[in-house]
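Look for subunit A in each of the two complexes below; its partner is subunit B in the first and subunit C in the second.
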Partner chain A sequence: MTRFIRYVSRHPGAMVGLTLLALQIASILFAPWLTFYSPEEADPLMSLQPPSAAHWFGTDVSGMDIYTRIVYATRINLLISIVAVAFAFVVGVPIGLLIGFYRNWMSALVMRVFDFIQSFPVFVLGMALVSVMGQEIWNVAIVLAVLFIPMFARLIRAEVLSLRERPYVSAARCSGATDGSIMFRHILPNALTPAIVQVSISIGLAILLTAGLSFVGAGVRMPTPEWGLMVSTGAQQMILGVWWVALFPGLAIVISVLSFALLGDMVKDLSDPTTRERL
Partner chain B sequence: MTVAVANLGVYWRAIPRPLRIITSRLLMLVPQMFGVMMVTFLLVRMLPGDPALLLLGNMATPDTIAAFREKLGLNLSLWEQFVHYVGNALHGDLGVSIFTSNPVVTDLLERAPATLELITYAMLLTILIGVTLAIISVVRAGGVVDIGSRVYGLAAGAIPDFWVGLLLIYFFFYILGWAPAPFGRIDTFVSPPDTVTGFYTIDSLIAGDLNAFVSSLGRLTLPVLTLAIVNAGALMKMTKTTFADIYRSDFIRHARASGLSEGTIRRIALRNSLPPIITLVGFMFGFLLGAAVLVETIFAWGGLGQYAVQSVVNSDYPALQGFVLVAAAFILIVYTVVDILYELADPRIRV
Partner chain C sequence: MSDRNSTALLKVDNLSVDFGEGTPQALSNISFSLGRDEILGIVGETGAGKSLLARSLLNLLPEGGRFTSGDIRLEGETVLGISEAEQRKIRGGRIALIGTNAKALLSPVETVGAQIARVLRAHRDCSQKEAWKAAVDLMVQVGIVNPERRAKAYPHELSGGMAQRIVIAMAMVAGPDVVLADDATLGLDATIQVQVLDLLVKRCRELGAGAVLITHDLGIVAHYCDRVAIMKEGRIVELEEVGKFLAAPKEQYGRALLDAARVRPTPMVAKVEDPVLEKQPETPLLDVRRLLKLFPIAGTPDVVRAIDDVSFSVKRGETLALVGESGSGKTTVGQCLVRLLDSDGGGITFDGADITTMPAAEFRAMRRRIQMVFQEPYVALNPRWPVKALIAEPLRLDPTLDRAATDKRVRQLIDLVQLPAGIAEVYPHQLTAGEQKRVGIARALATRPDFVVFDEPTTALDIRVRAQIIDLVRDLQAEMGMSALFITHDLNSVRSLAHRVAVMRYGKIVEEGDTEMIFSAAKEDYTKALLAAELPVEQGTAQRDRAETRRLAGAAV
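== the complex of A and B ==
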């Protein structure tokens, strides 16, 4: 813990990342207390009001308060992204472990399938899948999870390939350990680090993809507050000089993705024994 | 049997190396394309409901649906249906778009040049920005460019491209009035040049139509800038890593000790970091195709990306299916070319 505090105090990036994360957690937990309007209630009389004391970030075309919607959207955006990445992690890690440990035709086949999935442009495949499955929040999460599984499986597999040749694995085998216990008790804990670092980065990527999907109309639908969707409602107005509808939700995306990128750097440094010694 | 195989090996070795590289890589393309078609086929079969109804749209009469079921072979087994689909696709039949009621192939061919022009220029600008920044920040480590590019690299990965596009429109079109309106590839009052390559900038030069050239170039500026700003960050970061490793390696130190000029040393280092950069550039092409979907929507570009978005919005599944197939095929071909170039560039790779 002291090491963690010392690290954060010496790395402004980590400090910023943690602060922004705290901000997002606060938005998720205390949204009703932090805002003054309903996130999904239109008020036609207040359409396209510029930022003011009453509406900090202005209102959109149907008169909904943009600040309120941004705060509430944190729930949707982070929920989708975290669920998707958690699912991809839980499924991808065991697959990676198995295909790294057992080197047979099944493993080779799984790898080819992963190569293949990853050769599609992520956004195009995501868009097609969500539109085919139906534009529900859960479907967006499922599609992102499926697209992320190969990434986690690959990271774990690469680690397992080198770890399975280590003497301590032979030692475990000599003392009669089963394949299962070698994999899960001896190899897995040592193979997890790159995948854990990837979690944070993937959450950021998932936020960007979710926003992009909603922006083109292949994701979350109105009136649900979602950052990408909010930017898209402001897109037409941007040409007419109405900047606030698209600007603020876009900033929210940038801040959120940035915080997870910074946290990813922090996790990477903290889990790397060579940086630990320098502290 | 073993003798025959050994003989085959001898014949194989007798083929010149470049030809060997190209043949083996092209042969791999066949199963890959097969896989792509399987995915696009299953994509529509995954839909709940009758594929015939979905592919024809809600306006179809029971008779046409029955006839179409017959044509698709929906009464056959899944495997036979797939063979059917592959057969049609190989004959250039990807079905008819519900929304435009044109054959999907016609629609796609009509729109492909717009997208290709956009991503080609975006790619060039991305490479220019990314590689230049990477080289300067390695050569002048700790300098202003180095620190600035670090911040840029972090930010570029977090900025949504569609949002950057909108901000550029606001500043350069609405506030400053420098950029043309974000409505397509060429001014409404300027007629597009005769099609030779499909690239408006090149065709207008061939036709000697300076007006059309300036107009299409102006229209390209903001979307290309959008794509480059967002994507150059990633290219820069990865080029920086590769280039820094080589720039600090023993053979560069040796070159410096031998008294070669800094300019020559940089050139040698850059040439040695080219193979990984080539691979990256290939990946970027695929990435840009995905990003173009978003950027085209903002600039009403009328290319493949906008067509794809339209097909999603209108539940136009034949069009969507066709787009995914063509996009994946395009990427596979780019990757194949990249692999071939990579192996040709590095004589140490055994083929």
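== the complex of A and C ==
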């Protein structure tokens, strides 16, 4: 714990990342107390108001308060992204470990399945799955998870392929370590770092994909507050000089993605004993 | 002598280097001079500042480094504080550096001939075609057979010794006045090392250049150098003519190094005098019969016969050394013994049981009795495990040990390999190479095995650490009475450790016999060549004569 505090105090990036994360958590927990309007209640009379004291970030085309919606959207966006990435991590990492460690027809088959999933255009796959399963928040999360599983599995597999040839793996085998012990105690801890860094990048990517799916009509629907959806509705008015509808949710995405990228660096440094003491 | 110093080719005066205000000095008050046609050896252990000194002489300090005092003069003219363009002319032109690991120094995407030609053109005005021809000529001079074809080869197609020759050729291109060789033969086989050094020294003599050989091998110093500088913690603690140094080092540290480098005096006597052992029936503990290991060559139906019909046996309490150069198959034999590799034919009998046909699960129980100490100490330890976990790992083979008993045993083992108790919580990268090696040995000995394979136990270690490890292994072996197979190319350590020696070449054992017999009366030419390549820490007659002539010449002037 003291190491953690010392690290954060010396790394302004980690400090910023943690602050932004705290901000997002506060938005999730205290949204009703931080805002003054309802996130889903349209007020046609107040359509497209520029930022003012009453509406800090202005209003959108249906007259909904953008600030309020951005705060509430944190819940949806982070929930979808974190659930999707966590699921993909928990499933993808063991698969990657197994197909990297055991090189047989099974692992070859799994790799071809991954090729198949990843060769599909993201949006076609997303639209197909969502249209089959229904346009629910959870379905968006499942689509993202399916997309991310091959990513984590490949990342881990690539690491395992090189790590399994390391002399310390041979040394462990000579010391009587079983396959399971070699995989989970020797290889996995050394293979995880890139996957952990990938988690934060994936959360950012998930936020962007959620937005994209909403844009093509395969994601969440209006009036659910969701950053990507808000950007896409705002994009239509951008050419009319109405900049605030798209800008503020866009900034929210940037801040959220940035915070997870910074946290990823921190986790990477703290998880590696060879860099840990230099901190 | 004083006359030669006044016209010194290279003169380093009171040179100090540090890495920023308040940091300790990385080099402090280094002074020495180098004459034409002279070879100076710089010896020290890891971290003594040898390589930094070499880089200082080229004014190529690493990031953050700076000169705090002193001067470097090349034929009386300073090389510090001159323009970048002038420095470039000196680097490679008048002072050439030959580094360790030639393959890494050569660009992998360009043919070696083109690389030599490029260096040539940087220092001499000539056409592409002339440069290529000159490059081929240079390759002939550094003893490369078939130079036209080799010139078109890429570095990965060459052996380590060949690549080192190319680097030497490149260093000699512009006819430098000073050649710096920074551990230029590290990692090469002994026979190749001698060839490369002979060549380097010969070329320097031909050019009349002065050379600085940076090394941790006093054998090299004894054989090739005129004077030796002993470095420790960034200073030169002793600077002496080699003959005088070998006869009587002045400083305590120099003496310690010299003692450590000499062959440990008593070769271990086989325990045949032990009455218990003598009464035992003559069934060897380990018996290898006609072992065969083939590696397919990718894309062809051919195979490499890595182990080709190898037979040997090791009795209880006996140590067999398997010596040979890289690629001889000796490490493959070791890996077959501990079943890291499956053999393709023949049998390995351990204490009456054939371990080549044993199911993996059954052999796992056997691992308690057959252990291996791995070659490279650092990479054979999981970087994320603290020392205590590393040492405790093999103890899991013994299901009767509970947590407390394991902890106790780990403490005993740490003590056994003479490491401080506090090391238990430390991670491998925080250890020195010697400590890492000790941890590796502790791991192998944890289960009190009957048989241990030591793969290159002394390579890549500093002189004193090497001697310590040899002593440690010897003591432990005497104490625990285990049998061992030593896989090594370091003949020096064989003499102090092994009862018998088997010499391997191209996957076959070419000669086998008692250690003393092999060293005193080898039959095979190959064994003789290996022995001849060993550089004992004594001055050769040629060197002595040269030193004598020099002194007389100096006195005459």
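Methods note: the second predicted complex is superposed on the first by the 225 of 279 C-alpha atoms of A that agree within 3 Å, B and C clash if a C-alpha of one lies under 4 Å from a C-alpha of the other, contacts with A are read in each partner's own complex, and residues count from 1 in each chain.
Note that a residue touches a chain if its C-beta (ideal position, glycine included) is under 8 Å from a C-beta of that chain, and two chains touch if they have at least 3 such contacts.
Fair warning: this is a prediction, and the values are worked out from it, not measured in the lab.
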| item | value |
| --- | --- |
| Comparing the two partners subunit B and subunit C, which touches a greater set of residues in subunit A | B |
| Partner chain(s) touched by A:F30 [first = subunit B, second = subunit C, both, neither] | neither |
| First, second, both or neither for A:G241, with subunit B first and subunit C second | first |
| Touching partner for A:F4 - first (subunit B), second (subunit C), both, neither | neither |
| Which superposed partner A:L258 touches (first subunit B, second subunit C, both, neither) | first |
| Subunit B versus subunit C as contact partner of A:A171, first or second or both or neither | second |
| Residues of subunit A contacting subunit B in one complex and subunit C in the other | none |
| Interfacial residue positions of subunit A with respect to subunit C in the complex | 166-168, 170-178, 181, 186, 189-190, 273-274, 277 |
| Footprint of subunit A on subunit B - complex, ascending | 32, 35, 39, 43-44, 46-47, 154-155, 157-163, 166-167, 169-170, 173-175, 181-182, 286-287, 289-291, 293-294, 297-298, 308-309, 312-313, 315, 317, 320-321, 323-324, 327-328, 331-332, 335 |
| Touch list for subunit C against partner subunit A, complex | 335, 338, 340, 364, 367-368, 371-372, 374-376, 379-384, 393-394, 396-397, 427, 429-430, 440, 443-444, 446 |
| Complex interface listing, subunit A residues touching subunit B | 116, 119-125, 127-129, 131-133, 204, 208, 211-212, 215-218, 228, 231-232, 234-235, 238-241, 243, 246-247, 250, 253-254, 257-258, 261-262 |
